[in-house]
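Going in written order, the chains are labelled A, B, C, D, E and F, and every chain counts its residues from 1.
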Amino acid sequence: MPNFEWNDLNISVDEDGFMDQPEDWNEQIALALASTESVDVLTDNHWKVVNYLREYYKEFGIAPMIRKLCKQTGFSLKEIYDMFPSGPAKGACKVAGLPKPTGCV
Amino acid sequence: MPNFEWNDLNISVDEDGFMDQPEDWNEQIALALASTESVDVLTDNHWKVVNYLREYYKEFGIAPMIRKLCKQTGFSLKEIYDMFPSGPAKGACKVAGLPKPTGCV
Amino acid sequence: MADELPKTPMLDELEKGPWPSFVSEIKMAAKRSPASKDLLGILERSYQEKIGHWKHGGIVGVLGYGGGVIGRYCDVPQDFPNVAHFHTIRVNQPAGWYYKTDALRKICDIWEKRGSGMTNMHGSTGDIILLGTSTDQLEPIFEELTAIGFDLGGSGSDVRTPSCCLGKSRCEWACYDTMAACHDFTKNYQDELHRPAFPYKFKFKFSGCPNDCVASVARADMSIIGTWRDNIRIDQKAVGDYASAGVDVTKEIVNLCPAKCMDWDGKMLKIDNSTCRRCMHCINVMPKALRPGKDTGACILIGSKAPIVEGALLSSVIVPFIKMEPPYQEIRDLVERIWDLWCDEGKNRERIGEFIQRVGLGNFLEMIEVEPAAQMVAHPRENPYVFYEEYFEEGEEEAEN
Amino acid sequence: MADELPKTPMLDELEKGPWPSFVSEIKMAAKRSPASKDLLGILERSYQEKIGHWKHGGIVGVLGYGGGVIGRYCDVPQDFPNVAHFHTIRVNQPAGWYYKTDALRKICDIWEKRGSGMTNMHGSTGDIILLGTSTDQLEPIFEELTAIGFDLGGSGSDVRTPSCCLGKSRCEWACYDTMAACHDFTKNYQDELHRPAFPYKFKFKFSGCPNDCVASVARADMSIIGTWRDNIRIDQKAVGDYASAGVDVTKEIVNLCPAKCMDWDGKMLKIDNSTCRRCMHCINVMPKALRPGKDTGACILIGSKAPIVEGALLSSVIVPFIKMEPPYQEIRDLVERIWDLWCDEGKNRERIGEFIQRVGLGNFLEMIEVEPAAQMVAHPRENPYVFYEEYFEEGEEEAEN
Amino acid sequence: MADAPKKRTTDIGPPHYEQFLPPAIKKNYGQWKYHEILRAGVMKHVAENGDAVYTVRAGGSRLMSIDKIRMICDLADKYADGHLRFTSRHNIEFMFTDEKKIDTLIADLKKIGHPVGGTGPSITSIVHTQGWVHCHSAATDASGIVKSVMDAVIGHFENMDLPAKCRIALACCLNMCGAVHCSDIAILGIHRRPPKINHDLLHKTCEIPNVVSACPTAAIKPTTVNGKPSVTVDEERCMFCANCYTVCPSMTLNNPLNDGVSIWIGGKVSNARHEPMFSKLAIPYIENNPPRWPEVVEAVVNIIDVWKNNARKYERIGEWIERIGWPNFFKLSGIEFGKMHIDDFKHAGLTFKRSAQLTY
Amino acid sequence: MADAPKKRTTDIGPPHYEQFLPPAIKKNYGQWKYHEILRAGVMKHVAENGDAVYTVRAGGSRLMSIDKIRMICDLADKYADGHLRFTSRHNIEFMFTDEKKIDTLIADLKKIGHPVGGTGPSITSIVHTQGWVHCHSAATDASGIVKSVMDAVIGHFENMDLPAKCRIALACCLNMCGAVHCSDIAILGIHRRPPKINHDLLHKTCEIPNVVSACPTAAIKPTTVNGKPSVTVDEERCMFCANCYTVCPSMTLNNPLNDGVSIWIGGKVSNARHEPMFSKLAIPYIENNPPRWPEVVEAVVNIIDVWKNNARKYERIGEWIERIGWPNFFKLSGIEFGKMHIDDFKHAGLTFKRSAQLTY
């Protein structure tokens, strides 16, 4: 497993840069992971998305469908891509410390 | 609803002679009802059948399938008919104070 | 005996028109029977109110039997006391519904004395239905019926009265003796017929050929349908006669053959018997020219029923071909294995057809020890969800699950 | 660039025989590409061990897009470092898979520089598949591809790359312009194609006539199949020519017509167009004599897919007939209503065909505001379990549920 | 009523058929060679040895008084040495060897109100059930509709003027005792409102687990009402099949305002040409309109007419529609297609049109 | 790797096809009148105005190097003014107006190893998928079997000697990317053992609710193992479809000892004559036997031979079997029928033989 270093953080991630130990997630790590997804600062809007994702995941054990994410956060898909250029699955979920989305590619 | 009298008992029954208030069932009533089904004395064997029916009903909310009744009580179908000439459904269930079997006739 | 008939303005409308009128029938009976008189009255009321007046259920019978009588009470006994009880008796018909008049008259006599005088000739399972009597009459009726050689039919979760087409008695196509088989099975399963102990009803129907004149494939838990294994017998000259007489052999026969296995050049009718489906069409159209083969027997299908609960079913093939010879031991053994399994594993009110669908045909065959055959399916599975039972273990041997 | 190729005794067997050998292809590429060299090695190992060596999943992509790249890593990077990353890029093909060589060569050049040099021409959805590259190459590849006018195809829960038969470009039977429609839909749904936001994938396929040369009915969530409403055009003389040339019009055409709506008396071919099913068979066999009608358009079917989860589906009719004219506004509106509903009510990984089965076709039609038509069913329901929605209230008025 | 069981005759089964066979039938049992239909309702069966037996088939009313049975016995005595039989569709057959008796027998039958016919490409008697005459479950009457329809189509009983056989059946509720599910034309009694539950009685009269499992759409759940065990019905999921009522008298569906009949077509049973098929929904609902259900009669007659005028020889209704396609059937018959025709039960997806083979 | 997004060109879609059309195609777009197949792989399309275009179709290997693409481009430059196309089954087509080029083009194609054919009543290229070349899910390889089968049946590619078209497809797992479910002959990779669950990783890598709902037979239930959320599989209910693996890397099914292929037949897609049909199971299991899977090749060849020798003109495999019946197919092909052929999934009951139309 590759390690990923950022400032004083050292996180073990998989090839796609998803956390190996999602239970270790914290806001620092979110910032660190964001940096790998072309996101430099995490604005309130970013956090709104990240928090929604985490809460949804905690409650249902899955990531929300993207349409639902947009509806609930109030962002259009375009806005989400503007915030997370690699998209909600690869970008936002990674920053939020969710398991890597599988299945339908 | 017709009333059915036997010795000093007076039970309200439906046209087929099944109890209107199955919750009132007791051993006396069983004897009374038995008399309407060509059963004069309730032997131990009779009671075995009656008790099995009641217990099964209490547990599952339905009368057992007849094959099961035979298996569990150890009586052949013929023996059941010998004890309850009008048969397990009409005879034994009535004596046991179960609701009238419906459905498949 | 009965006085004036009730006023039945609506029912009277049903005495008009050329088809035999059931209202006139009830009126005839009502002249003598108070029950039939009240039947007229209560039926007129149903016509006025658009609702039936019979109560649910009713469990009555004769001693020693669990079936054969359908209990019925009306919900307005105060108005129609003579149909307060209106039980129906199912009397097992003779195979093929053949009668001599003296036997029928004896039944009529019993029914005149002890019932409403109304009947169904016959019920849709096949019984003689004696329609409407009271509980106290049941034992006497039973006694009198058995005295003239009749017995009750099935009802409840038992073997239902088997029935059959007239088969060899009058039909040139019968591939086995349906009436003999029907009678034999009926006699053999008297206990199962009279003393319900199954999860649900079980019906046998016997048709002598794939025309299936008792509709067995649609309404029998076991449908035994005559067929043949060898070649259709052709009388070429007779084919020519049909053609000369105006039958368009190509259009009316060859083109309608579902197997597309026929050829007619105006002189010779050729049939590829290896793909012929024994559908009967060509034989039906030219009975003088074509006949089923000589290696006859039956195919056995299982599980048809009306829609409730899982949707209607047609019977499906369980024995592609079997010779039909008394005492039908192989079939009896099969039937018993099926019943044993179904009684042990079937749910309450689960017909055998539904049971098979639930456990899977493949598993069912295994449990009743019948080898799978390609004739049992319309086609092999389309989905790749195969329960492979064999596999290799790490140590190289082929294992079985 | 690459040194000696690995030993691949098993794969070498696949260079024998007359059909083009994919092994020879990989070897060609391996001469230049270390990735293809390791592909040879890892594949030989799979052949030896009878198991693949690719890890599950992988989520990589280009910025601003959610799909178009399939991430892939091998599970033995220590042995085959050059395929440690082996991502695939789906490049949207031009409608009808027509190319000029210069365009293809440019793609090859990019792929020579930045990938393994191996491709699929094409993937089974229709994309150009560029097989095997590493994460750091993705952005540059994307940039270079767009520079030569190509864009990525779909992957993930989005619109998948639409495809079409060659239609009017070379086929006399095309009932509408499939390539135009395919291109139009692809362009119109760029956002939905590149940014997955559906419950699952959604595929469009366009066939110009019922021969369905892109197999749309089997593998498209929306299958748009050309057809006509008026009469088949017949050139009786040309029919006669076919007959003279040895075509047995009765056997090969009339008798195979599924509608049985043709008649041939040796001179005139008659077709009852009111029952003709537009199956194409007669036209296929005698292209010089028969042609589809002139009132052409398409029927739209919906919901086909591979077996998982609920079993495979073929598409089913949702619009029996529609004229196919740009900008296809009516279809776009329909598609959008369908997507809105499916996105709101669909479950995760539930294809539209499964969704319709779950909610019921009747309800689905109601929700997308489409009137039911008899063409949408093979036959009306067989079970009597009808959800009646209208009924009378006590107060006599007809109410709706 | 409670007599001690005495020694009784039981399990004797039905009488053996052999004693009832007409002599010529008994003699040639299994030896038949071919048959001809001489005219509607009259057949000649010829044995290998040349013997011929004539059969006259009379329409039965099924719901018959013993008076009528006796009249028929009189005719059997007069013409057929006291032999007769009933058919699997409740008609009455007389068999004899003397061809000359045919006409007078037919005339005598007419006198007691029984037409002759039902053979070959014709309509024969309607298989049916009890209806308001005897069953608690009936959503419509059986005999009244049957009589009204047969009055209207008797021409097709007495004349073999149809493309093929047309089997009509009626069942007064979804239990389908008439096995209408495989008929050319089926008339089926239906409800349109969910059960009314009598919570006070239910626990005494019904086995709740059986009630719950009786529901094809799982609309029924156990519950407690006023402290008593009972059930609730999710009315959105109820499609009024009344199977709950079959096992539970305290859940009634009969509803004069909303009960009625539906019409189903295109089923068959024989294997001739096409395999057996189920009937399919043609008309979802027609009000009960006793005593003669004119709308039902009209609907049946319309279907028969459209079929007769459009089908080819030997095409049963289902085979005809399969050839021309259901869209054409709806067009030709003028029946409107709608949501209710679309299957939504378990295998619904298999009934969707999954091809581009279309007619317009 | 984390560059800030710069202004990039996106969402341009594919290039417009028009720029790629050969001139004669562009000119006569939508004006085609009829066509002829001159010989296997060679077609002539004639326009209303009399213009003719010749098409030569070469078998593609699909898995192609850029080297080969360049060679093919060279041929397109030489013969077709730099135009070419690929077909929906991955063959390569060259179109031009000069009939005389046909033979030399074919010869040149042969030189680079590409046969010409696949038109009319023939076998064309096998639609297939990734296999061990690229996919994690593969129960078998794709390209190796395809190559081996095509080597054996190339005669039917190069000669139109079959009763009808025969479409072969291969998918390396039940996801069926090759859409093999409607093919005349389908080769399908299959597993035979339930998933092995990595309970340590599962909760980190998989969304448990999705895993549970992924199972077609509801064999998967959530559970806790060693304090970690995970799932359990009821192995009795597992039929090895691997859909759980698709959504969950921690449930692997690949198993060298037991993976293999199954053969399915009788599907079709076109509406010609018969409506589209699914393929049906012919052979439940053949071991993986790389590099050339001789048993698979033999099985496919046998099916083709039996069909070729018994079918009528225009009968696709499924149509042929529908006429002669599946029992005859099993008899003629020598394939054994067994329990695994009998459907036991959701609609299984509808595949039982529900009629007496039988062959022996």
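A few notes on this one:
As a convention for this text, contacts are C-beta pairs under 8 Å (C-beta built on N, C-alpha and C of every residue); 3 or more make two chains touch, one makes a residue touch a chain.
Please read all numbers here as calculations on a predicted model, not as lab measurements.
Counting only chains that touch, the fewest steps needed to get from chain A to chain E is 2.
Graph distance from chain B to chain E, where chains that touch are one step apart, equals 1. Homomeric contact chain E/chain F: same residue numbering on both sides for over half of the interface positions. Compared on C-beta pairs in contact, C-F and A-D come out with C-F as the pair having more.
Centre to centre, using the average C-alpha position, chain C and chain E are separated by 13 Å.
Averaged C-alpha coordinates give centres for chain B and chain C that are 33 Å from one another. Put simply, the C-alpha centre of chain E and that of chain F have 49 angstrom between them.
Chain centres here are Cα averages; for chain A and chain C they lie 66 Å apart.
Contact of a single residue of chain F with at least two other chains is seen at positions 1, 3, 5, 174, 176, 181, 210, 216, 241, 246-247, 249, 257, 271, 275-276, 278, 345-347, 350, 354-357.
Chain contacts: chain C has residues 55-57, 63-65, 70, 191, 210, 212, 217, 258, 260, 277-279, 307, 311-312, 314, 348-349, 382-385 touching two or more partner chains.
The multi-chain contact residues of chain A, meaning those touching 2 or more other chains, are 38, 62, 85, 100, 102-103.
The complete set of chain-chain contacts reads A-D, A-F, B-C, B-E, C-D, C-E, C-F, D-E, D-F, E-F. Every residue of chain B that touches chain E in the complex is listed here, in rising order: 20-22, 35-38, 40, 60-63, 85, 99-100, 102-103. Within the complex formed with chain F, the chain C residues making contact are 210, 212, 217, 225, 227, 229, 258-260, 274-279, 299, 301, 304, 313-317, 320-321, 353, 356-357, 360-363, 365-366, 372-388, 390-394.
Here chain D touches chain F in the complex through residues 10-11, 13-14, 16-26, 28-29, 36, 39, 43, 46-47, 49-57, 63-65, 70, 72, 86, 88, 92-105, 108, 111-112, 117-122, 124, 126, 131-132, 135-136, 139, 142-143, 146-147, 149-151, 163, 165-166, 168-172, 174, 177, 179, 183, 186-187, 190-191, 194, 210-215, 217-219, 252, 256-258, 277-281, 284-285, 287-288, 306-312, 314, 347-349, going by the rule given at the top. Residues of chain F that touch chain E in their complex: 271, 275-276, 346-347, 350, 354-357. Listing the residues of chain F that touch chain C in their complex gives 174, 176, 181, 188, 190, 192-193, 216-217, 239-241, 257-258, 262, 264, 266, 278-282, 284-285, 321, 323-330, 337-345, 348-360.
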